[in-house]
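Across the two complexes that follow, chain A remains constant while its partner is chain B and subsequently chain C.
After this line comes the complex of A and B, so read on.
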């Protein structure tokens, strides 16, 4: 596939209470955004083990979006703070592995922010198109 | 595993963006899939019946339905599957209701999601549920009109209720009002009987001057730690006689009278005469015993030896099966709106209610707080902070139109030769008898409506000057008046946000308690077993707050009518 036709694969770990609901809202209100994201509903951004993110990248994802509630609004009080710490540490590890840390996005998108969800997916897709395919993919893809 | 897939057209919501036929073609051959069917509207009853029938006929072990959101549809599908003996975890909903640039990519995404869900079903652990018998006792947080109504309804249903109120008396903001629209009943007449009922009810345990400290557990089985604040008075001994209040040497502005100049209370006080429970508390910040260490007048005078300066906050733990949050509202502080100077004669709605109130600090005589003269011209300004996304809050506070006109009418009843002006943006009165009430105020009482905003309010010698505009005549208006009453926006009660995080429920962008579905489930928080009532969820008037309270109570009663709850162990999917 030529570079200008590259379409990134994005895996989204979306929190049930905020970002997944925002994705629902974007869908029901017919906001258009790219199809590149494959959402996975998790109960909380804090329940996203960094291993899931790494596994997604090793299995061929070009980017991973982790979506949670805004700081202070976590349904489980502090799950999103845990996600924030974990993703920060994960990014340093990705850098040492030679993977651009910009392939992993952590975003706070509340249940009311359907527009923000659609915009985030559009922007992430656009950024990944510029970055090109995940370099790890060619070693691991089956 | 034998998996059945049911694809919904959702009228055109799905079939206009996704090629349903292609989806069906591609998943038919997928490992595990033994049956695929498309349906026009899967959420309808006949469709669920058909899924049940197919599940039985084809011997399905798991069912995947592709429609809109699992938050709205998963439960119906799971209930239907449980009815035919399938474990609820083996009924999955895939959300394919989205809009993308091309049908081709959108269809690809739908197929991917569907296949992923099928794979996931293979890997799923056996479903887990557990049962518990609910503790049939409810906790109500907040003793305003909504909390009182909810407590009475649940208690009348035969269950125990614990009512927690942070001030020393129940009654809430309603008991501060002079009279209520549109019937002009005074709350002292209509609310106090309910307050007394609450205090006397054998099923209600009232914990005034207390706050919720910590909450754990789940529906049917919450554990709540309650802080009982030190009143420095032994309430078991206090009989509310009030002798201490007469003799106390320290006077301070009363919060119940919203700190207007006329309203004073002692350092040992009841917020108002009809307080329930009829007990006094000591305000440690102002009490001479605590500030100087020299005074102990109340201790000497109390015939029941109820004063206990050494009292400390105490804690108690209760177990309840359901919680109703009725924490109410506060008014936006005037200082946040810059058009208005800080001036004793520029007051907010609740302050004017206290001046209007026949049992209030002025005995219902309309006096200016600055010099105690009768106010002859009063300007009411609506939407102060409300409907003002630039400087205040974007939402409408819903009650201001009605309470402004009510106060203007009551003002005219008290000062016959006075004049009342109301600056308004729109008159939004939608309740029963409300429009007629506005007409009556204009026709019978000569209340003058001016459609326009106010740009500046400032002191001009003896008077307050109001600069505004009348957009119906297109002219600038300048009014010299004695008193300005601001209909400031309703905001969440202070501490609502902290309470929400203790309960694990969400708040909306303004800090009001968030409903799980604002339209169809307005009384439920996102946490099962925690219900919402009254202005905790947003501005509303008394009839709406009372209706919500009874609604929340009926939710609690429905929960308590079950002897066993089957709950799912929730896992990520």
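After this line comes the complex of A and C, so read on.
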């Protein structure tokens, strides 16, 4: 496949109360956005252990989006703040090891922000198209 | 700073003097039992022992330059279910104390009724190196202390020790202060808690003068400076070796998924590791599906996933004791990599593992207005 035809695969861990509902809203209001994201519904962004993100990346996902409620709006009060610390640690480790931490995005998208969800997926897809395929796909020895 | 007392070394024999100190702790009812490293009868290794009476103290040697296990694990095992109503003294090295403090914060150990006795640490050899030295002739402890006194740099110490910037105990009740002391004449006993002060009183030792304390401080800061420099050199080299997917895969290529690194880590405390859980038990079709999709998959799978995940779970509390690297059968520099990523993530939260019981674990707390560049 030539580079300009590259279509990234994005795994989305979307919190049930906000970002997943935003994805629903984007769909029911017929917003157009790239089909590159595979959503996985989680109860909270704070319940996304880094192991899932790493697993997705090592299995060849080109990007991982973790979506949660805006700070202060977490259904479980503070799950998203804890997610922020966890993802910060994850990105720092990836960065230290030279593993393209920009393939991991953490975004706050509320249930009312269908537009923001569609825009985020569009932008992430665009960035990943520029960045190219996840190099991990070249190796079977992980 | 708490009270400092002088312990005169009798007949130039530090080990005997310390042995008398342990006995005195029993006699003065400061402790009812003691966790302390003792030389095995064969002489080629030193192990942690739990001693119930002073008469049973046969060959205590907390100065032996070897660390078979990080004893924070042992203290956790002893106190997690229910701490004893009896007073147990535990003699620990600085990295063991720091790991213990982390375990207490993780609710995996209790300090109740423990008397924490910390020992200044000049470093340790691998078990292999130690037993080799012991078999070659003169007792390794004496030679080692002689080398320390002469200011000899010992390149056969474990890499983790040579690059350890925390050679003195933190959070101990009583510190056995060796740095900067002439161990044939006298050493310092430092009380850093009210409990420690009570012990010093019970021992009826004379206070040290300020010069002795200043000498120790001076020696400590010199050693820390020297080791920090070595640490930075090592981590720079580690970063070069590990940076990028290709290098990372090369470094972990000898991994045989034995999980020794996890087993000996004082902080990897999960009763059932996620990687040993049924999550990873899959039907053949799953593997075949992946193989079909990617052409080839390495078996067993998930080697890099294991190490990267362990870094995410543990690096924030990594005390750099280096046990993981010791336990690796194929000499993967696990500890160096953990130190590298550990320092990076610890710096974000200005966190030093084992520094204080009051500092919350970074992953158990948060601030509302932080890290906004991430999310």
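For the reader, a short list of remarks on this structure follows.
Rule of thumb we're sticking to: the second predicted complex is superposed on the first by the 139 of 142 C-alpha atoms of A that agree within 3 Å, B and C clash if a C-alpha of one lies under 4 Å from a C-alpha of the other, contacts with A are read in each partner's own complex, and residues count from 1 in each chain.
Criterion: a residue touches a chain if its C-beta (ideal position, glycine included) is under 8 Å from a C-beta of that chain, and two chains touch if they have at least 3 such contacts.
Worth saying up front: this structure is predicted, and the values here are computed from it rather than measured.
With the C-alpha superposition on chain A as described, chain C and chain B fit side by side in the combined arrangement.
When the two structures are aligned on the shared chain, A:58 is found in touch with chain C, with no touch to chain B. In the superposed model, A:89 lies in contact with chain C only, and not with chain B.
Once chain A of one complex is fitted onto chain A of the other, the partner contacts of A:99 are limited to chain C, with no touch recorded for chain B. In the superposed pair of complexes, A:24 makes contact with chain B only, with no contact to chain C. Geometry note, superposition on chain A: angle between chain B and chain C about the Cα centre of chain A is 100 degrees, to the nearest 10. Note on chain A: of its two partners chain C and chain B, the one contacting more of its residues is C.
For the three-chain overlay built from the shared chain A, the minimum Cα spacing from chain B to chain C equals 8 Å.
Annotation: chain A residues 72 touch chain B in one complex and chain C in the other. By the touch rule above, chain A contacts chain B in their complex via residues 17, 21, 23-24, 26-28, 30-35, 38-43, 47, 69, 72-73, 75-77, 110-112.
Chain contact summary for the complex, chain A toward chain C: residues 50-51, 54-55, 58-60, 66, 68, 71-72, 78, 81-93, 96-99, 106-108, 135-137, 139-142.
Only residues 239, 242-249, 253, 274, 290, 294-298, 302-305, 308-309, 311-313, 315-316, 340-341, 344-345, 348-349, 362-363, 366-368, 370-371, 374-375 of chain C touch chain A when the two sit together in their complex.
Looking at the complex, you find that chain B touches chain A at residues 13, 68-71, 95, 97-102, 105-106, 108-109, 112-113, 116, 501, 504, 506-509, 526, 570-573.
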